[in-house]
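Presented sequentially are two complexes of chain A, the first with chain B as partner and the second with chain C.
Up next, the complex of A and B:
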């Protein structure tokens, strides 16, 4: 199957998200679609998979022009897309999700469908139990289910949007093997949208690069990370590194004594930990392995079931979030709009919430203050813009602007989630200006590179158990990947 | 079994029936992701409209059967129209479903009180008990379950039919999906908003039948103030108690009717020194306690005692998560 895109245009208000895109995809090849945040990759893939129509332009399949409305029709033309957050129904069982969307009469073909599901799953080494409710599945398993579902619907071109976010090293290996087999044995086209250049290098036969809505380059693989970065940003970026200081003799910022934290699904038992001022602790682990409990405990949002927690020498056990803030904790949640920012409020209102402590707000002063912060943090937005109208990267910049200048402890949940290399680097620069003032830092991230690059120590979480990597500079991504999968016992340090 | 007890149980099944039907109607609506808070007013107004229609049809045709059918249809239509307004406000006009439903429930109840005045105390046609041959002869179960009115049998069929539809058919998958994750439903070719309209109106019609079940059967006639008012809120609570599952919702309705019968029995025995007000409040208080029990972790602790194989089934049965997209809007794109 050969897909040609001719002169695709798509605008969202003033933004020209796709500007005259022309691309051709051949069967049997894995193509990486690269570009920084807002380059238009997702928009293009959504147009191709029927999630949204293009303003103008044509799609040709095997030389024939095709027009389709909606994802169902795109699938009938053989094009299916796996979303970053797979579009399944959590309350359904695996089998129900598999069947829903397939054509057929009212009667559910449970037996036949279960057989089809297991046949396809077995071929790729996916483990999917038909009767498990989907809310019990990991993101990796949900992806597998969605891939199996799309294959059962006869998809010949598979689009994947950031598929390696939040899945384990093992699941990634299984996914990559499956994609390679689909491309080489079945002759399918696989389009991979990814920020992670190492994934692209490991998997793709060619790449297409978008910048500001236009195709700015294409390249046959192999290529080096540096070449790809140059294509994406139009310039080389020096690798970001961090000089680690000797922390001996620094005061203790945080101490946990035998703290037990209970979550809904698992608990972290009897954890003791001491963090010095200026120290950076990275938390590794699959989503929901217990790292979010520790983060939230450090911010005062989860109260320890037992044990004591000290901040700067003060016993803070059982104190409220407010008191943690007063003590100098700054918390940045992964769900920016859910927990960090207030949807519906403008940037000025956000600033006023923090700076204006009088009963009557001086809006003039707040607006001036906001304008200063916008300039300082290079936020693309106006004081009167509502926060949800900003892009993810700009929301994160705004969160930075809202954080105290000299915190005792920075607690950050996936601080660079969904950001491209350039924005992520900027965020880290900001964080390290705070760290330089003596702030300790605890952060979680699914990005192993980030952990190794920025941490002094790494705590690996696996279903509530914790393994400490004492010196992050001496670990490798492979080792971390194994630890995240729960292979603690093989490690000797 | 004691004949008196059988009569009491049969009475509970009969008085619970409007709650069962209304609860299942609301279940249909909420499973589609829409909250219809107009229940209480809808039931009251439907009861009145059904009663008036039945009276008029009786006068016109002289046939009780025709009159009752007209009454039930009019009742169903009344609540279906109210539900349509909820859907229109919540889906097309993009208003808050809770607010729209709340205003409608007040409005409908007031209209019913106002129009209903002249009908207070009038005699009208009433749905009679029709025992089912053979089934009603079964000892104990027969007289409790199968010596009832057509509406009671309808509620059984509705309960089983709805369960089958939701969990055993392709249409049921779409029905649940639009209430859980409309974006996923949309991606699989389901017309989310059209289906939401459909289920809201369908569920609304059933709420209307529940209203008719009061004025034409369980509490035949019309009183001022209306004697079924408040039951709509109970039906809403029962849907939550029932975890949006047809069988559990029905169970909740029977439980509540049982509690109410118990309160009534205690109240009418002379030598018990419990204040009447407290007794009347009992079913509500017990309902709250049960809701708390179901939603707190105590059930989980009880489950730990059971063998593992049963645990999983029980946990799935007791899982009472609201439809994830309940009360939210969905815009394609």
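Up next, the complex of A and C:
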């Protein structure tokens, strides 16, 4: 089976998640879909699997244009997707989940279904006891069940979204063997969405790379981590324009002394760092390499397991987020609309939350204040508009209006994620008006241009390890690519 | 989002009432009675004389109090199912005061009410702490605490607080006269003081929710706790304060109910009023000024249907059927309204996880 994607577009508000994507997938091959978080790979796979429609564009299967609505119809066309969280019913047994996932559902004869389940499981070495309730299964086993279910439905193209997250090494081996067999023996297409490059290198025949919604490259495997990173992040850096101030002698804004941070999947051990007032620290690394732990620790949202953390000379170790706020920390989360703005509240109510500190709110004053901020930040909206009625770009402006004018430290997760060039530049202008008042800044970004343009110093994260780039102003895409891929040892110290 | 036309708005509000009346009428016909006679009897039962209207008001008072309290917890995004137990705990604490304190006339009752508020507030705080500190969802915690409050009342009535004549699980000794509310007239046994408490609670909570920092923080916590927290709202404290305020109002409600209806402590004294309050607030869509309108309607239906048995040989539980149908229809039409609105609003939005009250806890 051959699948062609023609000119696929998908927009979410201001974000062009898929921008004219053209790709062809052939049977018998395992294709890695690469890209940083927000590159548009999940969006594309959801379109292909019928989970959501494209805004425009066509999908062709074996030369014929197909249109389908919903995952059921996609499966009828032979395309099935294994979600990151397998979609089973926890209280049902393996066999029940298998049966209810088939058309005809409960009417299917149990015995025949059990037969089919065990035949497919045995072929791939999946250990699935039909009578075990699903809540007893590990994520790996639930994945296996889902694969068996999709295969029984006659799927010819299997899409897997980050399948190796949270499964054991042994299960990963079983999974990879099964995928290889499906591709080579059964001639199926397997599409693997992942930003774990070692998995992609181990498994894939070819890769397609997305960046900011566009296909920016494709490559036959084998390839090295470095080559893949270069594909993901681009070939060269934009010329440097920002002049950097001399920060020697500025007071220390933030200090970490041997801080250890424990996350769900990895930990950052024994990190020491000093950030001066006005200094901008950029954090690089593949998504989920530990940079978000450092950011959230700087904002007081993650408490260090050991070590000490100082803000402006005060020991803040173990203090609450609100105390960090009081100390002058401003935090901007990556998911801005989920973390930062409150849907259902008006602009005035947002401003009042920040500025009205008396027991009784002076709504007149809050409204005036809001009107001023709307003017200052050029927000298209009225004080009494609910925040969710604003466009994404205007919500972004409103978030900036909510940030303190003279913070001690700005902590920003991907501050320009999904924004167009002009909006991104506007955000950075706003951030640098704060930096000019002496605010230190720590930010993460998947965009290496952004990283080198704005950072005074760059820290690269790889699976919890941290490496500081020697000279952030003279680094190259090659050096960054190597570091992001985890090759710290090749660096001459 | 565009505003729906006025006609559509009114239609979506009036239609569920008409539909539920129609459904109940069909049920009444099926039961072999005349629906018109039933509705007449209900109205007669509620407004026949001052005594029957007093019954309506004495049901209205605790129901409105818990409903006002529940508006607070709903605003904070909390499902305070434990409100029933909080009423019970209010009644239990109040009974301790009634049995052990001896104060001059007005102070005895005022002290009992305050102790009742303390009981309800503490029981609610416990549900809040279970949620915010131990991650027990307030629905499960509330159900458990409801059961616990009931068991405690039975233990106290049959144990430490049993009447001297002994052995009964029915009730404690009747309260002394100075422990009771002063009624307006012998055949209109409604306390003006209690009515004033309801009015005061309504006005204070209404003003607090719209005009204070506390109210705004509650609203933000309820709508998106994660964002609220990042904006500096103390979401845990907000949630706990909502629980306590609701619990205190439920405490007064339980106090009023035990004193007015039983003049003693009885098991299940809360009588399901807390749960009914949840339905009231759902129907009012959390708009506090609608609450007294709906509680009045419910009180009329409940108070009036006691006549059905005598007049038409119909069980008074028919009133329950009418209430629940009404609630069901209202919720159904709320869903219809949502659909109508979203269909009109065709702009695409990125999938964002809606905030849930469960997130309010994690700080």
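The working rule: the second predicted complex is superposed on the first by the 250 of 493 C-alpha atoms of A that agree within 3 Å, B and C clash if a C-alpha of one lies under 4 Å from a C-alpha of the other, contacts with A are read in each partner's own complex, and residues count from 1 in each chain.
To be clear about the criterion, a residue touches a chain if its C-beta (ideal position, glycine included) is under 8 Å from a C-beta of that chain, and two chains touch if they have at least 3 such contacts.
The shown structure was predicted, so the numbers you read here are calculated from the model rather than taken from an experiment.
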Open item on the list: Quick check for you: in the superposed arrangement, does A:90 touch first (chain B), second (chain C), both or neither?
Closed with: first
Open item on the list: Let me test your reading of the model: by the given contact rule, A:320 touches which partner, first (chain B), second (chain C), both or neither?
Closed with: second
- [ ] Please indicate which partner A:375 is in contact with in the superposed arrangement: first for chain B, second for chain C, both, or neither.
- [x] neither
Task: Which superposed partner A:71 touches (first chain B, second chain C, both, neither) - done: first
Open item on the list: A:99 in the overlay: touching chain B, chain C, both, or neither? Say first, second, both or neither.
Closed with: first
Open item on the list: So in the superposed three-chain picture, is A:342 touching just chain B, just chain C, both, or none of them (first/second/both/neither)?
Closed with: second
TODO: In the three-chain superposition, say which chain, chain B or chain C, touches more residues of chain A.
DONE: C
Task: Residues of chain A that lie at the interface with chain B and also at the interface with chain C - done: none
Open item on the list: Considering only the defined contacts, which chain B positions touch chain A in the complex?
Closed with: 168-171, 173-174, 176-177, 180-181, 183-189, 316, 321, 323-324, 333
Open item on the list: So in the complex, the part of chain C that touches chain A is made up of which residues?
Closed with: 1, 211-214, 216-217, 219-220, 223-224, 226-234, 348-350, 352-353, 355, 363
TODO: Would you tell me which residues of chain A are touching chain C in their complex?
DONE: 11-13, 15, 55, 320-322, 325, 331, 333, 335, 337-345, 349-350, 352-354, 356-361, 363, 389, 402
Open item on the list: So in the complex, the part of chain A that touches chain B is made up of which residues?
Closed with: 51-52, 70-72, 87-92, 96, 99-101, 104-108, 133
